[in-house]
Structure formats: C-alpha cells, structure tokens
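In what comes next, chain A is part of two complexes: it sits with chain B in the first one and with chain C in the second one.
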Partner chain A sequence: MMNVAGLAPTPDTGHELRAEIRRTSQNARARRVLVSRVMMTLCAVAITLAAVPLVMLIFELLQKGIPVLDTTFFLKEPQSPTLLSPNATGGVSNAIIGTLALSIYASIMAIPVGVLAGIYLAESDSKLASVLRIVSQTMAGAPSILMGLFAFSFIIQDLHIGFSALAGSFALAVLMLPVIAISTEISVRNVPQTLREAGLALGAKPHKISLKVVLPTALSGIVTGVILAISRAIGETAPVMLVIAGGYTDSWKPLDPVSALPLTIFMNAKSEWPSLRAQTWGIALVLVAFVFVLSLTARIWASRKQKVGN
Partner chain B sequence: MVLLPDLLPQPEEVAEFSSATSSRSWYHYLLIAVSLLFTLVSVGFVLSILLKSLPTWAHTGTLLTSRVWQPPNGPYGGLAMIVGTLETSIIALAIAGVVGLGTSIAIVFLIPRRLRNIVATFIELLAAVPSIVYGLWGFLVLAPFMLNTVDPWLNSWPFAKEVLGTSGQEFGSSLLLAAIVLSVMILPTFVAISREVIAAVPQDLIEASLSLGATRWQMIKDVVLPTARIGLFGATFLSLARATGETVAVALVAGGVANMQFHLLYPGTSIASWIALEFGEAQGNEISALMALGILLMAISFSLSLVSRWLVNRQRKLLAKV
Partner chain C sequence: MSELVESETSPLGQPRSGGPVAMRLENVAVSFNGRTAVRDATFDVTKNRVTSLIGPSGSGKTTLLRALNRLHDLTPGAKVSGRILLEGTDIYRGNITVTELRSRVGMVFQRPNPFPTMTIYENAVSGLRFNGIKKKAILDEAAESSLRAAALWDSVSSRLKVTAGQLSGGEQQRLCIARALALDPEVLLMDEPTSALDPIATLHIENLMTTLKSRVTIIIVTHNMQQAARISDDCAFLLMGEDRAGELIEFDATEKIFNNPADSRTLDYTLGRFG
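What follows is the complex of A and B.
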C-alpha cells in the first residue's frame, strides 16, 4: 500500500512536468517566432529607408534636370547672367568638351600602363609584383583630392606646365591606374590554366601565349575594368578642381585651361543666380547618364565574358 | 564588382606559371619597365606631397592641436578639420552601417530570387553616382528641408539647444547635414560589399541551423552574422575610408567654416573639403599647410585600407576552412 501510495502521484507529476515543459517551450517558441518576425520587419524597414533618399535623388534629377536640357545647354559656351537678362546662362559646351578631353587624355596615359602592370601582377610572382600589388590596392583607396594635390605639386609647381587639361588628366590617370591594374590582374588570373598549357604543348613561346591566348581570352574582363575606371574618372571633381582652372571657352588643347561637368556643378551650386543653380540639375543629369551608360556597357561586356567562359 | 575587386570570391589560385616572365624576351622587359613606372608614380605621389608639406611639419604641434587657421601668415591649425572629419564620418558610418546591414539581410533573405539581381545592379549603379551629385542634392534639396523642418523639430526637444546648437544656420549647412549626406553616399558602397559577404556564407551552415529549429532571425544572428563578421568589419572600414576621403559633397553641405564644433547643427568642415575650399586662394605657406593636411588624410586612408584588407583576407581564410 505504501508502495502504491508512494507511486501513485509519480505519473501525475510527470504528466504535469511534461505539460509544463510543453507550455514553456511553446511560449519560448512563440517568443522566438515573434522576435524573428520583428527583426525581419526591421530589415524590411531598413531597405525601405535606404531606398527613399536614393529614389528621391533620381526623381529630383529627372524632374529638375530634363527641363534645362536644350540645344543651348549642349552647344553654347557659358555666359554670366545680368540683371537685365537673369536667365541668360548660356550652355555648358566648355564643360562637356573639357570632360571628354580630360577623360581621353587620362585614358591615353592610364590604360597602357594599367593593363600591362595588371598582366605583370597576374603572371609574375616576383618581389616587384607583390610590392606593386600592395601599392595598387592602397592607391585604389586613396581619397581623390590627393591626386589633385599630386598633380598640382608635380605638374604645376615642379614642371611649370600651368593650369591645364594636361594637369587634370594626369590627376585622373593616377586615379584610374590602380583600378585598371587590379581588374586586369583578376581577369588574366581567371583565364583557365588549360588554355596556357595547350599553348605550351603546341610549342608556343611563353610571350606568344600571353599575347595570343591569354590576352584575347581576358580581353572582355579588361575592357570592363577600363570602362568602369573611365566612368569613375568622369564623375570626379576633387582631383581636377585644383589644377584645370575652369576655363570658359571650348578647347581640346592639352595645355589650355578647361572646365569639367562636375566642377561646373560645384562652382554654380552656390551661385546667387537661380538660373545657374537650376542649370546644375541638367549638368548632374547628363553626368549621371554618362556614368550609368558606361557602367551598364561594362556589365554587358562582363556578362559576355561569362558566356564565352561557359 | 569593381568597387573592391579584392572582396570578390577570388579565382582559385593558379598554380605557379610564370610563362611570360621566365623567358627573357622583349615582352618580359616591357612588363617590368611598366610596372617599375607604376611603382615610381606611386612613390612620387607620396613623396611630392610630403616634400611640399615639409615647411609645415616644423609646426607639427600647431597643425595637430590648434584650432585657428589664419592665412596668409598662420598659424595653420588643423584641429577643427580633424575633429570635423571624425564627427561626420563616424555619424555617417553609424547610420549607414545599421541601415545597410538591415538592407543587405533583406536583399539576401527577404527579396525574391528573381528581383535580387535587379536590386544588386541598382545598388552598384548608385555606388557609381558621382559624389558631386549627392552633394548637389544635399545642398539644394536636403539643406532647405533640414533648415525648415528637421532642425526646428530637433531643437524642440529638451536640452537640444545645449547639445546640438540652435537651428537656422545659413543655407541649412551643418555638420549633421554633412553626416547625413555622407551616409546616403556610402550606403551603396557598404551594401554592395556586405551583401556579397553575407551571400557568401555557405548554404550548409544555414540549412543546418534551420533544421535544428532555429527561426530565420536566430539563423541570421547566430550563424550568418558571426560567419560573415570579419568581412562585415572590412565593409565598415572601407565605407569609413570613403567617408573620410569625401571632398566635394562635404564642401557643399558642411558650411566650410574652420570651426571646431561639437554642436552638430552648426557648420564645420573636414580635412578633404577644407583642402578643396582653401586651395584656390592659397599662397606660399598655406599651400604647404594644405599639403600637410593632405598627408594626414593619406595616413588615415592608408591605415584604414590596410586594416580592411587584413580583415577581408582573414574572412576569406575563415570561409576556406568552413
């Protein structure tokens, strides 16, 4: 009897214990699920928060930029508004030509050096290559205003060349160099090893393999990197603002002072003339259109590369 | 992605193959010559700015601790710019980091697979938008909005005037506005990297934790974020580097006043934007002082990029082990 009496409550407690455990675990699970829902909602809020200013920016660009764009904008040199004709801003042809000239000269300087240095990085394991790799990665992250200081100190103070498109494009070339070198290195490294071995097996000389097998295969990747470097250079204000002097006339000559689209935005944004301030939206729209077209072209090149790879 | 090629999953290390360099051909020498030229340009980059700044380093103490910048005869104190740079970029990073982390998680785990590529492309395009455009938007759109709406609202809180300063600055330019514009600018950069890092967490780990009954958030908190931790720090440092080096956007919206200021509603400046604003009229010693500020900026940027590269490499090794 004692036994029975002693045993009787035992299953009972077990039952209660199990129920208790079930209840607690259900509560805990409900809490876990709730916390999870809340946190995931917060993430959704974050992505909305992130999108709002960016969508607003694009909206403002289109809304305020499009009305400003007309033939005068693209084809005429700027003029200063006066009290009698407060809307006579002229165009920004000087800045468009300046930006094109700057990026062409910078490309001429940066592309050969950047691509060849990138190939060297990919195909050599020497001391020079490892130093160069660290150098180019560090340079790629350097603030762009420093390129302007370098161009000022070297081209203008040391070489006495003067404020010019040449000085500006030198600054942009220094900016583009590491970007091109790094992306070239990656594309060359991505070329399948078997291709090189096939070339070797056919008895080709190593530099022939590099020039006739590796480079053509890596070409679309290299082009992607170059286009992205150019699109970055086009939008930069800081490196050129110290050295190109913002000329008001159309000029392709390397030694003339020129202007650039980003620089014109910077100079006119604080202008006291509402017409000049309004014009900056048009310039910004053109600039963003330039950059987007270049980036999308680069992406198309890159996806072409993937197809070839497959 | 070209922003930071070294954060991408790298192609597998190619076995030693120094074809082009082992042969002593003209091609080999051309590559070496060009690489030397590149190295020379980089050394020249550092040296030429350093040499031009030498006269100022005689007054290193003034440069680092004085808050007075007085052309044409000096003193040239950089404290206001240094403090302004730290304030704006750290606040920007705090905003962009929290919002950006949530955004990356949402992109990887909430957005339908089909939309993911579109969103990723959109973000990379935004990272390519020139900084002057963000600056223009900040100056012409956000500044009036801050001036008329946000600043007075902030000021209506108790003690706000003592902490933030009074609202109503010229144009609405303020350190707070600069920090907000910076945060919008570095957000795409941060998201582009952290999204890649988070998406690179092995699917096995995620499935293992879900199979043990973890909720989605537990899986993210206990598996994904710890695995991606170091890469996320790398993204943070790279965004910080971008924020500290930003020039024209800050020059437009911060107010451009050499004014050491902990009241965020007052105008201030940063190292990079001060160089840009002052250089046009600078003569002699002031140019040297601005070059010295450039060296400071270079030191900050190089150390940030060293730290972030170290972190990213550690992350890659960590994932290789998993």
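What follows is the complex of A and C.
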C-alpha cells in the first residue's frame, strides 16, 4: 500500500505502545502499594516495640513513685531505718538540695567558659581552634566516670579540697563544657554571614558585631545548648559519686559534702531495707521531672529561635 | 602595584555630566587568590546621580561594588588594586579608616538583612550606635528622619518597638535603606536591592532612589536592564572576558548606553541579544 509521505497513519503501533506503558506501570504501581503497606506495618510494629518499654517505665515510675512522695520526702533529711522502725527513711532533701547546688555551681563554672570557647571556635580559623574543636568533640563523647576520676585526682588529691559540692560540680562542669562549647559554636556559625556584613557595612568594628549582632541572634541556640547540658549533668551519677561523699545533711555550701539524686538512687537501690528501695522510685520520679522541665524549657527556647530566624 | 592593572589609560574615565565627583575609580581590579574577578574599572561617579552597574552574571558587578566600601577586606586572598577615591582620598591607602569609610559609604544588600533580634527603632539607629553615638535625642531624630527618608515612617511609627522580622520583605529592605541613611552617608551602594522583592515593593524602592539622590549619591548593581534604564543617570556596562574576568566595557550616561552605545556588545546586551 502506498502512503503519502507525512500522512502515513500509524495508529496501531502507537496505541499498542501506550497500552503497554499503561499495563506495565499499573503493575508496578500495584507492587509499590503492596510494598508500601508492608513497610508501614513494619514501621508501626517497630514504633510500638520502641514505645512499650518507655510507656512501661513511665507507668511504673508513676505507680511506684507517687506513693512515696510526701512532705517528709521533700523536706526532711534522710534517716537510717532500724529494726524497730523499718519504715523511718526520712526524706531526700539533702539530695534535692545537693543536685540543685551541684548544677548551679557547675553552671557557674561551665557556662561562661563554654560559651566563650564556643564563640572562639566559631570565629577563629586558627590551628589552636581546630585542635580545641577536636578536643571538645572527644571530651563530649568521653565516658562520664572519667570526669569523676579527674575531679578526684585534681580537686581532692592535688588541691586538697575535701569531698564536696565543689569537687562534684567541677566534675559536672568538665562534663558540660564541651557540650556547651559545641552547641555555642554551631549557633554562632548559623548566624547568617549577611548580618555580619550588614554590621560591617555600617562601620561596626568586628567585636561590636560579635557582641551586638551575632551573640543576640545566636542566643536562643546557645541557651538551648546550655539547658540540655545542665539536664544531662543533673542525671549523672558517675562523675559525682567519687567526689561528693554523699552527705546526709542539707547544705548549699560549696565545701560541704553533699548528695545528689542519682547517687541516692544508686545507694538506696542496693539497700537491704525495703522502705529505702521503695523510696528510690520517688527519687527517680523527681529526677525525671527535673530533666523533663529542663528539656521542655530548651524546646521552648529552640522554637523561639525559629520565630526570630525567619 | 599589581600586574593585573593595565598601564594604558582608558579613555572611559571622563566625567560624563561634568558635575562634581563623589567617587573616582582608576583601573580598579579585584582578584581572589590571584584569579582576577574584575578589572579595568575606570570611571567617575557623579554626585547626586544614580550610577548603575549592569552586565550579565559573572561580569563582576557585585565584586566591584563591594570593593567600594572595602567589604573584601575580610575575605582571605582578596586583593584590590588600582585606586578608588572618595572625595579625593584613596580609600585603601589614604588617610581614612575602614570604619569611617563605611559610615560615609553605606550599603544595601541583595536580600533584606535587618538585625533579627533588634526592633525597628534599634535597626534604624544601629549604625549610629556602632559608631559610638549614645545620646537619645540624636538617635530619636536620626531614626525618624531616616525612616521618613526611606518612606517607611508612616507605616512603622506606631510600632517602632516590634522586631524587624515582622515587617514584609519590601519593608525590611526599606528599613535596611533607612539603617544606612541614618549615618548620613555621602554614597549609598545598592547590590541588586530589589531582586528579592515583588514588583510593588520594587516600585517603592525605585521611586525612593529617585527622591534620595538629592541627598546621597547612589551606585546600584542591577540585573534588570529596565530598572537601570528607569532609574539611573549614568551606567557602567561590564562583561566577562575570555579569561572569565569581568571588565568594564563602557561607561556613559544611561541614555547614551541604551540608545547609542559606543561598543556593539553594549547594544547587543541592552537589546537582550545575550545575557
């Protein structure tokens, strides 16, 4: 059959090809839908598996913790139960005050140094800065018992300062330092270069720009990092157990022996008195509440940052 | 001086309007780590006129503009050669500090960059505060007059205490203009100030430039040839050379550049044949 050039009808092959494409993609789509369903189910199973222990933990914590919380628990110093009064455990006011004192003193030591170090890391390209960066990253990953050992050998053995809140907060400060420095560095680096240029173009000296532009802009990120560092330090047992001597009396004095909530959990959990073991759950609940409040505060600060950064 | 600067004096450097010169560029070249980004820039910026720098991407417009208030100083490996004179003073080697220069030669950037943690008022007076001015009366007056000059006062005077992030993009850019104007600069550099803005906000800024030129000499980099034609009095056309370095092709009154340029490449570009 003769065809006029350009008018040749080729409907059949075209339709077949199109049908083939439709058919194949239909099958492929059906397969993808199936795979997707299977994967979603697996994800749901995984998240349930992850959530179950957590929910159980919180449930047990509330169930066993709430009953031991009373005014004695919060306001009284601990007592040793005796055979005649096996339930006379006293309270844990020493550990609550100790934990607060430790975190306050540790913050006083770690925040200024950590923030300034972070700013230095962010603003300097020197060799020293890159060495310090590696050091702080390594320190941030180091096991926390190391800080306790260091505080023990430096504060107690070398400086002859006794077992005390100071020694414990020193250990915690060393623990917090790299965390604060790294998060400060990241926040400062995240301040857009265009803002620095805007400052420069207005005739500002570099230190003025750091102080008046970069730092305020990075502040919410820095605060978030600081709060997370504190909430990490609050829950640590290892760094303080070697150096605070677990004092039984309430004291805010830096040179007194103090206790701490995690340390008290550790001690009470080993006790042969059921009443003390029961008290452990209350302490754990208070500790979790502390950390929860801190994390919540950190989240609120972090969301503030996003609002400012738009 | 650098071998990048060609010794031959270009005939381009004549003042076109015959008016007083705010800034004079003589064989200005900028290089980064030895690679020339722009060269051969020789022209006079006349006072109280708008001078536009046009040309395709990579022709060195922004690089050249940033040399005019020494923003390259902090870039490692950046080198500016040739001479840039502000009222006859060499801004790189003359008797002028970089902070003084920058308070006399203001800058507005491509994207609005108000300081996000500062209020509108604090943004407007930030340049004055950076330069040590603390008297509230002076700051208040400068805030109002610069915001008025940037055509922003009427819409923000009742909310000077809110943070700058709450303004629209166009308002933020006008705030950045106000911030630069508060220092009462002689020259205002604008690096594609409307490229991130919508047409209405762009129109606002363009109108603003026309009114502002009576008080400040404006040098503007723009990608938009219609914009250059609408608002500028003089125009410098730059083009990327064979070695990928930008160079000044032609400098003249805007009207001449667009209607009767000396170089055929200028005509091709303004007619939209490339770029």
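Rule of thumb we're sticking to: the second predicted complex is superposed on the first by the 266 of 310 C-alpha atoms of A that agree within 3 Å, B and C clash if a C-alpha of one lies under 4 Å from a C-alpha of the other, contacts with A are read in each partner's own complex, and residues count from 1 in each chain.
Assume a contact is a pair of C-beta atoms (placed from the backbone, for glycine too) under 8 Å apart; a residue touches a chain by one contact, two chains touch by 3 or more.
Quick caveat, the model's predicted, so the values are computed rather than measured.
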{"item": "Fit or clash between chain C and chain B when superposed on chain A", "value": "fit"}
{"item": "Partner chain in contact with A:Asp70 - chain B first, chain C second, else both or neither", "value": "neither"}
{"item": "First (chain B), second (chain C), both or neither touched by A:Lys205", "value": "both"}
{"item": "Contacts of A:Glu20 with chain B and chain C, given as first, second, both or neither", "value": "neither"}
{"item": "Touching partner for A:Thr217 - first (chain B), second (chain C), both, neither", "value": "second"}
{"item": "First (chain B), second (chain C), both or neither touched by A:Thr194", "value": "second"}
{"item": "Contact breadth on chain A, by residue count: chain C or chain B", "value": "B"}
{"item": "Touched partner set for A:Phe154, first chain B, second chain C, both or neither", "value": "first"}
{"item": "Minimum C-alpha separation between chain B and chain C after superposing on chain A, in Å", "value": "6"}
{"item": "Interface residues of chain A shared between complexes with chain B and chain C", "value": "200, 205, 209"}
{"item": "Residues of chain C touching chain A in the complex", "value": "69, 71, 74, 99-103, 106-107, 109, 111, 113-118, 126-127, 129-131, 163, 165, 176, 179-180, 183"}
{"item": "Sites on chain B touched by chain A in the complex", "value": "2, 5-6, 8, 10-11, 14-23, 25-28, 30-32, 34-39, 41-42, 44-45, 48-49, 51-52, 98-103, 105-107, 109-111, 121, 124-126, 128-137, 139-141, 184, 187-188, 191, 215-218, 220-221, 238, 241, 244-248, 251-252, 272, 275-276, 279-280, 290-291, 294, 297-298, 301-302, 304-306, 309"}
{"item": "Chain B-touching residues of chain A, taken from the complex the two chains share", "value": "32-33, 35-36, 39-40, 42-47, 49-50, 53-54, 56-57, 60-61, 112-114, 116-117, 119-121, 123-126, 128-129, 131-132, 135-139, 141-150, 152-154, 157-158, 174, 177, 179, 181-183, 186, 189-190, 193, 196, 200, 205-207, 209-211, 224-225, 228-229, 231-232, 234-238, 241-242, 262, 265-266, 269-270, 277, 280-281, 284, 287-288, 291-292, 295-296, 298-299"}
{"item": "Residues of chain A touching chain C in the complex", "value": "192, 194-195, 197-205, 208-209, 212-213, 216-217, 219, 307-310"}
